[in-house]
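In what follows, chain A forms one complex with chain B and a second complex with chain C.
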Partner chain A sequence: MKSKFFFIAIVSVTILGISFLFAMVMGSVELSFGQVYNTLFICSMDQNTGVQNIVAQNSCTVDPIYRKIIWEIRLPRILMAFLTGVGLSIAGAILQSVTRNPLADPYLFGISSGAALGAVLAISVFSTGIISVTFGALAGGIFSVILMLTLAGRAALQVERLLLSGVAVSFMLGAFTSLIIYYSDPEIASTLLFWMMGSFTNSQWGDLWLPALCISIGLMLFLIYRSWIGAIQAGDEGAFTLGIPVSQLRLIMLIICSIITAVLVAQVGGIGFVGLMIPHISRFLVGSKLSKVLFMCVVIGGSFMLWVDVIAHSLIPNQVLPVGIVTAAIGSLFFFVILKSRGRNL
Partner chain B sequence: MDFFDFPTSSVFASQKIFCWVKRLSISRPSVNNRCSTAAFAADKICWCVDEKLILDSLTFEIKSQEFVGLIGPNGAGKSSLLRCLYGLNKITSGTLNFNGKNSDSYSRREMAQKIAVLVQEPPTHFDMNVSDVVAMGLIPHQPLLAFSTEEDKVSVENAINMVELKDKQNSAFNTLSGGEKQRVMVARAIVQKPQVLILDEPTNHLDIQHQIEILQLVKQMNVTVVLSIHDLNIAAAFCDRLILMNKGSIVADGNCEEVLTRKNLKNIFQIEAEIDQHPYHSGQRITYDLTGGKENEI
Partner chain C sequence: MKRIFFTLAILIFIVSNKLSAENSLSKITNAQRIIALAPHSVELLYAIGAGDRIIATTEYSDYPKEALGIPRIGNANGIQIERVVEEKPDLVIVWEGGNKSADVLKLKSLGLNLFFTKPLKISDISQELKELGNLTGLSERADQVIEQMEKKHKQITNKYKRGSKVKTFYQLWHDPLTTIGPASWSESLLNDCNAENIFKDALSPYPVVPIESVLVKNPQVIIIPSHSGDDETKSKIWEKWSEISAVKNNHVNIIDGDLLHRFTPRVLDGLQKLCDAIDKAR
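== the complex of A and B ==
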């Protein structure tokens, strides 16, 4: 069993490494592996000032434009794609575990709808600065969780009621978002629609720290509580008899997932299906043990989103497709294949 | 007509019970010597849901290492009472002491360190393997950040060996049969090292062989056992004491001879039955009259 996991882990990490390389070289401007290697490890440019490192000056043969593309456009975009894949996947895995619902993902609980509403409000009503969008999405995500818990009331302790309440909140906030878009100026409306379909294109270095911080802290907490979450996965009553504060833990996990999702939605817009699909693929490969599932979510979720980004930039020449479209298209197809291959054993 | 439908299974089951009782009578001290201190002491406990009285002023004591069966028709309040004992249901009034202290004064974790529970339906979600499910029994004794030690792994393996599932330890829990699932849950309880084991209808959906296997395993744990059970013959074979419940109240409480009477069965279960000495063990045998007494009239 262990050797199987290590084998899968090594293969997956290798694929992740290869995905990084391909994501670096592929795009609207095609680069060679040599150019990427030289830029990253030899030219080591000071990204803030644009001044080349004096020590490496003589050996650096890469055109400054390409260096700029790699350092200032491609690398932050790739890292954001990776973080998005990781964040949504681990949030999905945790939500599926604590609710014992294989269909749970950040979208189902209205977290994404809330974050989208907050971000849309920030773009259309308040300002277009990214801090305001981030703040709006974060506030929207948290608001959706509070609304869901309030609507569920005492029934929030029952997972089924919590899910139904989440679905209701999701549709309610989705309706508000659509309403705002409907009454927006056409130019803003098209910006909003494009934003909602998801994109990594405008990602910058400064955008990375908040998702990275939230995902790291979230992942750490998920790993600390892994045995408790595993017990909840096997049933509330059983978990209670093992001394686990089931409702409180579920609530905390829900809030952590909502923060991760809200921060990501704020940065990259709405990207569906990842949080649903990657945890299933991970479980299919390594079983249900949470530490292994989370590890695989990080690796597969990250790799998957890197390839989505590559496809979004390369599929149609001189045009970038919204990431959400590519995710849903590839994801649903891939998911269908998995379903067929697993037959009745899902 | 015997309570078993098929003569072969009846003989087989009776022989198993007989062998088991003989083994126990050699290896274990008598009930009276074992049960000196009270594990649970309930004084007029009530439990209500939305002002509806589910448990009505129950008073009883369960002594340490006693094997107590809760019997009664569906909806009698057996599961509700068990849930009060392990703290899932908070009693509305009355006093419930555990090990001489008010049960509310224990933290949830402290309770879990002392009381293991086999819930009515074993987990069916996600494909956890047997070792993972059994290892959950370590949770109440482990700090949150702890990693499994070699000792933990040995204790999980030993428990799996005890329930004779060594060859299935890497199998997915969902692929096991009902009896195997219950054995896994017993292994989890063994790992939990409890003073008290509470079982809510542990033999539901199991064939007679697996019913006996599960209860034998439980008996071997040598702890205080409180279980709800529907099969009165099995209850008579295994329990030191029975508590008969109906409509949230205790109707009878005592040893099997005192509780399993024709009158009680008629009043509570609305069934005629013959009760006599079981030919293979010291308990009673209940033979149900499926004709409703018409045969006698003829």
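== the complex of A and C ==
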């Protein structure tokens, strides 16, 4: 059993590496592996040292515009795609475990609706640019979780009520968002729609650290508490008899997942499906042990998003597709394939 | 079998309805109660002297100033159909692509006299002025407007005909970065200025494009039509890309979008500005 996991882990990590390579060269502008290698390892050395030595000048053969495309556009974009895949997948896996609900996903508690409302407000009401879309979305996402917890009150300690409160908040904020979009200018509405369907296009280096930090801390906490989470997954009563503070732990996990999700949604918009399906796919592959599932979520979620980004940029020449559309389309097909092959084994 | 027959009957009914609607338009020679569901149509009617016959219009119909007094019965999100019927118009001007298609179908099914407008190039405006002239009995005035327009149009195109084609990026919107594709209104303007749309091979009329493609295509001029929102944020996205020839040589231009995107004689002022801006990069 252990060797099987080992095998799957090696294969998927290799796939992740290959995905990174392909994400670097593919896109609306086709580059060669040589150009990318040259840019990342040779040209950058020239820039860092600033030495105009003849050898280095000869070896750095890439046009400055391509170098800039790789450094300023492509690298931040694919790193953001990777982080998004990782963050949403692990948040989804944890939420599915602590709520024991296979349909739980990071947007369960209305975060995407809250973030969308925040973004909409930032774009249309404060259109002067005082509040950036990212900040608006982050504030909105956090607001939705706080709102949900306040409205649910003590009910938040019970799983079913917690889930239902999330749904209610989601619908409530969604209604406001629709209302504002309905009354805004067509161009602003198109910005909002594109944002809501998700995109990595605007990712900058400076945007990466916050999601990376939140995901690392979250992942660490999930791993530290993995046995407790596992006990809750098996049933509240059992966990209770083991002396685990069930409700508190669930709330804390919910808040950590919400923070990860809110930070990501603020940067890249609402990208559905990943947080719901990648945990299931991981469980199909490696069983339900939480540490293995989390590991697979990181690897599969990350590579999945990298490919989604590649496809979003290269499916139609000279045009970008919203990431959310590609995610849902490929993801569902992928999932059906796995479901079928699993069915045959049973 | 019965079902097929039934479907056929409905189809025939729809087609005949459509034909009869088109036929009835040819009988109108002196429309007095006009509903214009597009800002540019309002402007065209004023231009030929039929502005006072407009009894209702949509939001954004703000030119000339008198147009602001016309009652509003809808916007891009929808038309209040009941109001249209209540006003008993003898002519309704519908904007294909601008008005909601469901609304247009409904208006059609109500048997109203619909005139469709969908200009894709400047000569389409002349054609439309001519048809509106016929419908309102103001052909003479319409012909005068057309003559002036065509003269001015010819002047502009002749002036820039010579010289090289200038590679131009037309930035319709910055987030998501949206431009114009082939067979769009704005591309016809670029062609009139002897400029080349760098996305002339795109698959849709208004494609969302990656910034990478713009960098590689290296436009000599970037045109930003201003509408809503902050113009500075729209041009700011280019600040760090000094490799692009348009940015390096300071040929990023913001031009009044109302002049460029309204299908009226005023577009020639916009065209003049557009061509001047492009010509500077030659």
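FYI, the second predicted complex is superposed on the first by the 323 of 346 C-alpha atoms of A that agree within 3 Å, B and C clash if a C-alpha of one lies under 4 Å from a C-alpha of the other, contacts with A are read in each partner's own complex, and residues count from 1 in each chain.
In this text, contacts are C-beta pairs under 8 Å (C-beta built on N, C-alpha and C of every residue); 3 or more make two chains touch, one makes a residue touch a chain.
Quick caveat: nothing in here was measured; it's all calculated off a predicted structure.
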item: Overlay on chain A: chain C relative to chain B, clash or fit; value: fit
item: Partner chain(s) touched by A:224 [first = chain B, second = chain C, both, neither]; value: first
item: Chain B versus chain C as contact partner of A:100, first or second or both or neither; value: first
item: Residues of chain A touched, compared between chain B and chain C (which is higher); value: C
item: Superposition-derived angle with apex at the Cα centre of chain A and sides reaching chain B and chain C, degrees in steps of 10; value: 140
item: Chain B versus chain C as contact partner of A:289, first or second or both or neither; value: first
item: Which of chain B and chain C A:91 touches, first, second, both or neither; value: neither
item: Which of chain B and chain C A:318 touches, first, second, both or neither; value: second
item: Touched partner set for A:240, first chain B, second chain C, both or neither; value: first
item: Minimum Cα separation, chain C to chain B, after superposition on A (Å); value: 41
item: For the chain A and chain B complex, residues of the former touching the latter; value: 1, 97, 100, 224-225, 227-228, 230-231, 233-235, 237-238, 240-245, 283, 287-289
item: For the chain B and chain A complex, residues of the former touching the latter; value: 86-88, 107-113, 115-117, 119, 121, 123, 125-129, 132-133, 136-137, 139-140, 142, 144-145, 170, 172, 192
item: Complex contact set, residues of chain A against chain C; value: 27-29, 64-65, 68-69, 72-74, 127-129, 182, 185-188, 190-191, 194-195, 199, 201-202, 313, 316-320
item: Of all residues in chain C, those that touch chain A in their complex; value: 76-77, 173, 175-178, 199, 201-204, 207-213, 215-216, 218, 227-230, 233, 240-241, 243
